[in-house]
């Protein structure tokens, strides 16, 4: 009984905490993040740590994937050494606070760029490092060949992702019903889908392709539906108010794209030392002060490409083994969407 | 809190302004002051942080449309149309659904295992002992993953197990026929309620009579009342309730009542885990009843089952209820692991909400408020029950 | 006391035996086939045990795959295991991943350091379970060992490279969270329990009751969420408490509330005379508490403390929800790699075995101590 007397005011106290809030004020001062990174000598990079192709640890505990390589590229650009990264594993729930609070300098965690996130989180997206879209994987034996045939289906999704939003909108738009099974654990989702608990597994199409690839001989029994029901541009996030840092994140990625456009790879980059192409000379820091303008060493882009590779190399290293075709993630000259603004 | 300071404790009869009392007062003021300062500081920093980091605050999002797909709902819900408030309410209901059923079943299973541990059959006693030891020493999360994995070995809907007419067991869950709801059924339900009340009164009357005269009244009139009254009302209304039988349509079974594999796995996991603790409580409760009670009951010629049911368990109950309360509280709190295996309880839905709106403080405060309310209700109920059985037992 | 009861209950249906039977047959008859019902139960249980046991043996041993070939690039080829899925266990996944599961992201070449720390922890537990080691020196040994563990894990001296704590993972994290959680929670719990029982200071009592009941009323994962998601918002910009420490703080607060109730039980069980005698000697509050009340009260509740500790040990598995790589998280992450996806059962079995070993040993200890104490009481 005493408990009752005590707990009631306590609960109101908890709720009272929420009444906090003050008018928004702008903050931030130049490149505080860059200063912190360079003073620390290490980049703190938030990654998922459990998604094949994006960021996953191998048996020795080394991180692999395009998100992990994105962190390395940023470390190479800012510190001159791709190894000076500390990977901070974050969860879908903790990732935004981790960035907001400064626990990480940048968040490269397969996060979809949406207006809502930029508007309400105090964060913004630097660039797109992967163009994805929500798709469906089904069993061939179910006879389903298009998303529109899935009225009444049971669908497995990961909670806390933008997939949930995409499916909810899609089924509502098409006046169809579905039963979601929301499981946080990828292993459990995998089991649920393979055992037939769900008629379809829905997430980013790249992840579905990778998942199908892991099935080996049985991959033929599963069909990736042609319908891509949403746009999911994934990219690194930074805090609002540090424009210089935002520039660095963005241009590190563009430098890798530019390198691929120019045919520069980590293997042949040193052979360009005597090139007379002014664009390449500027990129590699042989002339001009592009690096200095960003607060970096002029050899920043050289370090990125030399130590991490260009966009194509990263793709070949991290995504190709998963059996995902490059598609729209190719250069604009090859039918894709990758297009770097001129570096001059 | 300041009220308790203004009115110094009067329980002590030392009226002089003694040294110890002054010290106590000073200490209290200091400690309370420190805590208040800390809270004020944290609150101020938080408000400042939220503002400078451009994070939205407040509960306005509760009215916004929630694009959260939810699988199991007790009330109507349409993703992207219904509000976050409604989605969270469904989460609360789902938590209650698993908690209440879980507590009941865990009590039953725990009691059986607890008695089993004391069984004369060596194998049974040993197995119950192994059950208790084994399950208590493995984290619940791993156990839940195991049970959910087991659910997935059930056959697909097209090859569903079909043990009884209208009952289908597949990896989509257990479908059983349900009573179809028709307009007249409200009256039938009301009649059923009245009949239950009548039966309860009859049983109480019979018990009083037995206590007074030593001779009981038969219980069949009560049973007749419970079955007969609703049936009569139904026939009178001409609305004999029909059965809603499940049938395979398209991807899945439709109709009937569904127990989903996620719910089942969570329920089994929670019940089996809690039962291993409850079994120990029941066992020590039984052992706390003195040997003389056993011997006296056996001397009266009662069989073992009757001794347990009529003599030992009612006495053990007094010892058992307080620790049982904390097991119930644990079960409710453990149900928050649901998110790992895809049952959408309040934590799961609040999590998704928090993720979509980015409002962490509000989301977590809601989760805490819900659990505090449930815990408090259980504590109050069990306290009431404890007082009640204590009175009955003298 | 309890022993005599249980035996009388168990022996209740002892039969009068006619024919001269050997001891084994007598035992079988009286313990397994005493009544027809008992016989049926025994046979049914035996059948199920043998059948499930055999199936499990077939899966885990007879048809199991112990290793898989590697291709030219050194990548494992798991086709053999995929072919045996459902029939036999793929223990190759354990062989491949055990170091990641046990030590997480700790630099591969340095993993002997956490391995030594795990052994140190086990040694500490084992020593503390022996009553003959219960001396003042034990506290000293604990302090030295914990410092040593910290030094080994962090490194940064004598040629050991510095390893920041966010690279720690696996079993050491589980042990650290549980052990340091208990160590930190204990003083807090004693203070909260004393505060809750203090007559003279209603405000302090109220505060302690609030703390204890608030924490006990909410699930641990909401506290962990708070530590991982809300806590960073409480601190001024620039101040950043590391994630492991935040989880550790959440654990200390959580454990403190539960332990406080255990300590309170011990305080309540202490006869009033002890406290009154101390008063009569003219001891002050703290002297009385530290010298007379607490030593006796805590000794009473040691078995309960161990049981609570078992609970925390299991509860550390929940940090997976906030992305700290404890044993459960590393186990789960190990099978996220495409080549090894789908071999969850083997890994979960391994994890269950590790947790079980620790918890079972502790629960035996607790039972032994309880027995010891109750014997001491009767004397």
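A few points about this structure:
In order of appearance the chains are A, B and C, and numbering begins at 1 in each one.
Convention: contacts are C-beta pairs under 8 Å (C-beta built on N, C-alpha and C of every residue); 3 or more make two chains touch, one makes a residue touch a chain.
In this text the structure is predicted, and so the values were computed from the model without any measurement.
Looking at A-B and A-C side by side, the one with more C-beta contacts is A-B.
Among the remaining chains, B is positioned farthest from chain A, on the basis of C-alpha centroids. Centre-to-centre, using mean CA coordinates, chain B is 26 Å away from chain C. Per-chain CA centroids place chain A at a distance of 41 Å from chain B.
Look at where the CA atoms of chain A average out and do the same for chain C: the two points lie 37 Å apart. Shown for chain C are the residues that touch two or more other chains, namely 206, 214, 217, 225, 229-230, 233, 235, 237, 321, 344. Each of residues 46, 48-50, 52, 55, 145, 149, 339, 354, 360-361, 368, 372, 376 in chain B touches at least two other chains.
Counting partner chains per residue, chain A shows two or more touched chains at residues 3, 7, 10, 14, 93, 97, 100-101, 185, 187, 191. Taken in their complex, chain B has these residues touching chain C: 1, 4-5, 9, 11-12, 20-21, 24, 27-28, 31-32, 35, 42, 45-46, 48-50, 52, 55, 118-125, 127, 133-134, 136-142, 145-146, 149, 284, 286-287, 291, 294, 298, 304, 329, 333-334, 336-337, 339, 347, 354, 360-361, 364, 367-368, 371-372, 375-376. Here chain B touches chain A in the complex through residues 43, 46-59, 67-71, 78-81, 145, 148-149, 151-154, 156-157, 171-172, 249-252, 254, 261-262, 339-342, 344, 348, 351-352, 354-358, 360-362, 365, 368-369, 372-373, 376, 379-380, 383, going by the rule given at the top.
Within the complex formed with chain C, the residues of chain A that make contact are 2-3, 6-7, 10, 14, 49-52, 56-62, 86-91, 93-94, 97-98, 100-103, 185-187, 190-191, 194, 210-211, 213-214, 216-217, 322. Residues of chain A that touch chain B in their complex: 1, 3-4, 7-8, 10-11, 14-15, 17-18, 20-25, 27, 92-93, 96-97, 100-101, 116-117, 120-122, 142, 150-155, 157, 159-160, 164-165, 167-169, 171-172, 178-185, 187-188, 191-192, 195-197, 199, 239-240. Interface residues of chain C facing chain A in the complex, by the touch rule stated above, are 79, 82, 96-97, 99-100, 103-108, 164, 166-167, 169, 206, 209-210, 213-214, 217, 225, 228-230, 232-233, 235, 237-238, 240, 243, 321-325, 332-339, 341-342, 344.
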